[in-house]
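Taking it in order: structure first as structure tokens, then the write-up.
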């Protein structure tokens, strides 16, 4: 602890991705200052930064850094890739979206980068301090990104809602952390774990702390009943950001949660804590799926479906094993592809962004614009977990984990709610191919090469993971085994 | 026990002004009450042998943040906006819930109270904190700079410096 | 020929294919050639086979010709195999030759019909299937023919497919037959389950080896259910009168001479089983007797020439079942043969009448045809005498033998007398309604329109030749009983009839035949239609009941068809809708919950915060 | 030719991808190519039949490749006597669909062809997959194209029907997915190695309680697919609203995925549960036989009539399967093929007049035998095949099912046999109303008779109807050893189940185990 | 020396008051001030524990929390200004464009 961190070997390599992103963000900011002429190349530059970051992941050394507060391992690498993938897809969709809306600027991508840094901190932090700091960095960037489309009121309103709820939730996270600190004398996961193994499992204060912390994280996950903000914020946020928002922060929160829970392992058996996660999971699945049925606004529907998907991911969390962590990793990558893809298609719909983007907007789109239609269909099928898409593989993994660890009842809830979910995903396909658009109201997707490329990546990814998941499994499995001894 | 006297006095001050923040209709009064509450808290920090943080509390919160609040309130000319209480259920649940929450917390905090303090003084002056900050916490410390940078950029973006105007 | 028995049904089948595939294109000449020729060749082939058989198996053993293994699956299945034994041979000869005659007759009768080729292809197919029925060596192969003839019957009844009643009649025939087939099928399932085979000989052998009597009774009753369907016995006789909607030669061939008698064959064939199950035999006899008298009474008040004959057929089939039912299998088969002659003759004769009358079938509009169409009249008269049971025509012998056997039967002697009595009364009615028909048709003066009278003419030779041949058969058929020829030939189990009883039966039969004829003459020969009217006046209820065939069709409609249809509608509109409703309700509940949850989403951020906080409190409450 | 099964699956898929690149205007080329590919697939499947060796019970033409080694999931294909003819049925019906809809599909022909090609591949996959998860993948993959086919090219209420179809099926199959995972886990628990190979689940000797649960999960999925009463209500809607081609495939092949599932998975995997709940399923099947027939009878809509008749016919198949008797099961498999042929033909033919008259109401027809004699002939043949006339295919299947199941389930069989009577009632009613009687409606006077493409589609069906009816042994012979082995597996499973009952292993939650370690 | 739990109790009370403010007020800035109150209550807890354990760590945590609060304040106020631009009010109940 007292070791001077600056002379800890290899620290530059350890945080290379974060460094690249921070610096990249700064550069893009500067570029913005140099004038409008360069604005066209900000997005490609941002892409390059992200890609370089992804490449730099190869140079990252595994190990613990900064006095045991920062751990880099296989699993963090996978999650880093997920964050970067989400960011890349968001960038691709954003490029033309921002241009169309006339709000392009380097700040957008810079904030995206810094948000990614925040997520990386959440994924790698071994100390609640780091995790919370990452969380806040992420939150600040999200506040801005959600409200980025300043001219339209809904974007601002979404930003407001997310900000108020986010700050409120932060209060709870901090208070929970403080209480834990009081009980374990540390906020470092390793030391907390040591303290937990001798802690009194009946200490109500500890349980209160856990609930406070979980509720704060649950807010970030948009898990019911802490989900209230999600539909409104997704609806108001610029579509590419909504897609990114529905995936990346959740992934970061989940991996942080995995670490946190594995530190609490000794407590879990003797307390009802896991039951709370189970309750979150069930509530999310039920509320998310049921409420999504009633939605005609695509983004709200996807928001509710996102709530439900968090429920599925939490199932895996219930059994804290290497398999379940790998399942979460696979699920988040898959979810990134399909959900951002779906939001991406929505983002290409050229209409007043202040109005809701309803199902009617995509009526007959499947034949009007076959590629977009196909992409959305594939995403919907993947989201509903039907083979041969990645969604199936991911869901299979989740349920396999649940069955392996004896959580059959919750798996059945998951399956039953999936059936409900099929209905509303299917409805999208129905609108795509079977519904004629209203007279004189045929919106054609305005996506250019970037959006098309992103959709292609999405589809290829969905099918590749769906058909050849082995390499991903191998990677995630190995990484997860390393994470949990 | 002068310490206890000080504690209870300033605790009372903190709570009363906090209540004022919550209950008073005028946001300007609320902001000023908050400043007062924060001052009381700074006193608590001193009582907790953390003079450095007490100073920070005064400078950062009372000095910077609250001024910013006041500034915004004034800028937007909000002091005249008084709110009518609406949504009775929301109000009731808000009061009742937070009261229950507070009472429960207080109950359990006193139930699991740790009475003995370790012997010896707790050294938490600026020097100690500073050294630790730049040793073990160098990474989070640096990251805070990014955090603040993002916040500044965000604040600029959101608060009206139009992009069209910037060029 | 014996090793190519399959050729016998295959020839008409070939005819069917040729007519069916090319008949329309190649014209009536081609059809007229192929149709009768294939049946003729089949008849010849059959006859040759019979001769060879006679030569090779003087003892009447069974000859089996296996064509190939048809179905074989886990102990269930059968070869497609044909057999010859005396019983098959009798049937074979009746079917092929009567069939050929009727083919021949049809050439003339159907000459101007549209769909001539279709008619002949159906008729050929029928012949093929009927031959499969009688030649098949196992119940399963027999069933193929059994169903096949049902199909052809369906197709031929509905030959005039643009007439609603014809099509409905065809469907009715098929469906009612299917009810019988149900029994046949279940009987076969029983055989497979308990005997492991459906080969005629093997089944009889195993059954004789001693099995539970209940099982045998069950099989026999089920088979008899099949027989009641095909042979139009109570309660399944209702289709046969309607079946008269088909062309008249069809009625002659299928609904008089061959197909409908398959039921009798069906009882005679497994006689070994039936003898093990006297209860079943009794049922057969009782049903036969009831049918005989029941149909005969209806025949009295029918005015459609073919309907009269149809009820007569039902009634005569009842006689046959009395025969086989009382264990006198030979008698039953004997009556089957003679009936084939005279009833075919009657039907063809009626066809000739209808032909002459330009399609008129109502005997109230006929009369006085004796002079106009003499050949028809004569042959019709011969057949009528035969069916009425005047000695020495064929009908007398066969009917008498049945009644005598009923009187003497050893299986249920107490009941025998009653059955005999009923049979005798039925015979009285038979003579009565047949002669009523004859007198009304040929006697008296013409009651039809001028135009009809103008067109009256005798039929062409293709029609009259079969009439003559069949009339000859009606006269001479009795000869088969000389020296118990048929009995020895068939070698079916039999029993002694004491001379006293034989004489009693014979005298009674003769008396009722004379009485019936005399009544008919007294009433209709002299007064013509006035007799009917008087009957109506004197006993209107009885008359109407008989005219409406005891309202059985109406009863079936009301008691079975309509409720079943209502029930089906209930299943569709009720149960299906209920299932859908329950499932939809589930869907609506989910959707409603979703909608309610939607309203949690007030858009007010303070509400969300409250939701968040309430969640926290509840979780703390529960989990802390 | 090696990898013959893979060829049958991947050729249509590859073709579908290729066709996707074609311009929309090249409708005719696309149709021709689609037909050509489906015919090629059919030829390949004929080669498969030719290479299939009689007398071997095990899977043949086996292919096996590791797919997801972490979970022991393999890309494993193979045919045995049970699946052989179903594959052939699939490859036969697909070109029939293309032929029959040659002139019937006006909007989006390209997507239509692609949908059917993918559907074909998936259906073949269902029948030849020898890995449970692979099976599931194909099982689900059939849904999307069918959903689109009903929803895009269907009738007036197509959306309702399509969604109903999808939701019903997905409800069952998702629960089955959980069952599959659980089963895989139990397998792993016993052997320590993950595997989803079908044969690895035979004789697993699961405790009866577990079997019952899993039986429920699997049986529900297949019962919906079959469909068994009272889960059948999706079927009339789906069949009626689907375009002709969709109905043909739906009735011809997709329903068989349910019966096939029962046969391939439910029986051998859960022998004890089958013994326990078999009677229930049989009862439902027999109720379905009667129910479907009665409801058929009162339908005013031709297509709905045929659709409900499927409920009845498939009831026979399920009865045969759960009778667990060599004869009955062979009959059942044969009947699956028969139903595909005869009901497929009926749907095709109903589509023919619908195409010309745009109504399916019985009341709108009558007497069209006069205007469309050739059509009427085909129709009557198909009806007779469906009615179960000896000499045609339907009889052999029904007879074997009933004769076989009579040995084990006499009472239910007798009840089911009445379905034979009812079949005659409703089908002849259909024929009578449509074809016979006077022509009342003037529009019926000038309907063009069946066209070349429809004849071309019908002829192979009729040929097979007669072939199966006259010489069913061609088909029975090849399936016998596999069925025998299946029954042996069930019997063996029942015995080992009894043995298992004695010792029930205690299971420890993995989390609990880990926690116990952590405590130490 | 004052026992730690007195500080903890004070902090809990302040936190609850902050929560109450968030839930019952409509003025956005007041709500935000309530949140600041909550955060400060947390800071008090951290410091109390830090002294209890004689750990600098808790103290430094408070330092970071202050930074976070400052950043949130900056962005938050900007959001309110933007909101005011759109609607001329910062009553959060008025922000109801998106619901259901």
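First chain written, first letter: the chains are A, B, C, D and E, and each begins at residue 1.
The definition used in the following text is that a contact is a pair of C-beta atoms (placed from the backbone, for glycine too) under 8 Å apart; a residue touches a chain by one contact, two chains touch by 3 or more.
Note that the structure is predicted; figures quoted are calculated from it, not measured.
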* Asked: Looking at the contacts, which chains touch chain A and chain C alike?
  -> B, D, E
* Structure fact -> Looking at Cα centroids only, farthest away from chain B lies chain C
* Chain pair showing more contacts of the two, A-D and C-E -> A-D
* Which chain is the middle one, judged by CA centres? -> D
* **Separation of chain C from chain E, taking each centre as the mean of its C-alpha atoms, in whole Å** => 97
* Asked: Taking each chain's centre as the mean of its CA atoms, how far is chain B from chain E in angstrom?
  -> 6
* Let me have the rounded angstrom distance from the C-alpha centre of chain A over to the C-alpha centre of chain B, please. => 30
* Any idea how many Å lie between the Cα centroids of chain C and chain D? -> 38
* Structure fact -> Touching two or more other chains in chain C are residues 598, 601, 603-607, 609-610, 613-614, 616, 620
* Could you list which residues of chain B touch at least two other chains? => 87, 90, 93-94, 97-98, 101, 104-105, 109, 137, 140, 144, 147, 150-151, 154, 157-158, 160
* All touching chain pairs, where touch follows the definition stated at the start -> A-B, A-C, A-D, A-E, B-C, B-E, C-D, C-E
* **chain A contact footprint on chain C (complex, rising order)** => 587, 590-591, 593-595, 597-598, 600-601, 603, 605, 607-609, 611-612, 614-616, 619-620, 622-624
* Of all residues in chain E, those that touch chain A in their complex -> 8, 15, 18-19, 22, 28, 31-32, 35, 38-39, 41-42, 45-46, 48-49, 52-53, 55, 57-58, 60-61, 64-65, 68, 71-72, 75-76, 79-80, 82-83, 86-87, 92, 95, 97-99
* Mind listing the chain D positions that touch chain A in their complex? => 66-71, 108, 111, 133, 136-137, 140-141, 143-144, 147-148, 151-152, 158-159, 162-163, 166-167, 170-171, 174-175, 177-178, 181-182, 184-185, 507, 509-512, 514-515, 518-519
* To do: Spell out the part of chain C that touches chain B in their complex, as residue ranges.
  => 604, 606-607, 610, 613-614, 616-617, 620
* **Interfacial residue positions of chain D with respect to chain C in the complex** => 230, 233, 236, 291, 294-295, 297-299, 325-327, 330-331, 367, 369-370, 384, 389-391, 395-396, 399-400, 402-404, 406-407, 410, 413-414, 417-418, 420-421, 424-425, 428-429, 432, 435-439, 470-473, 476, 480, 483-484
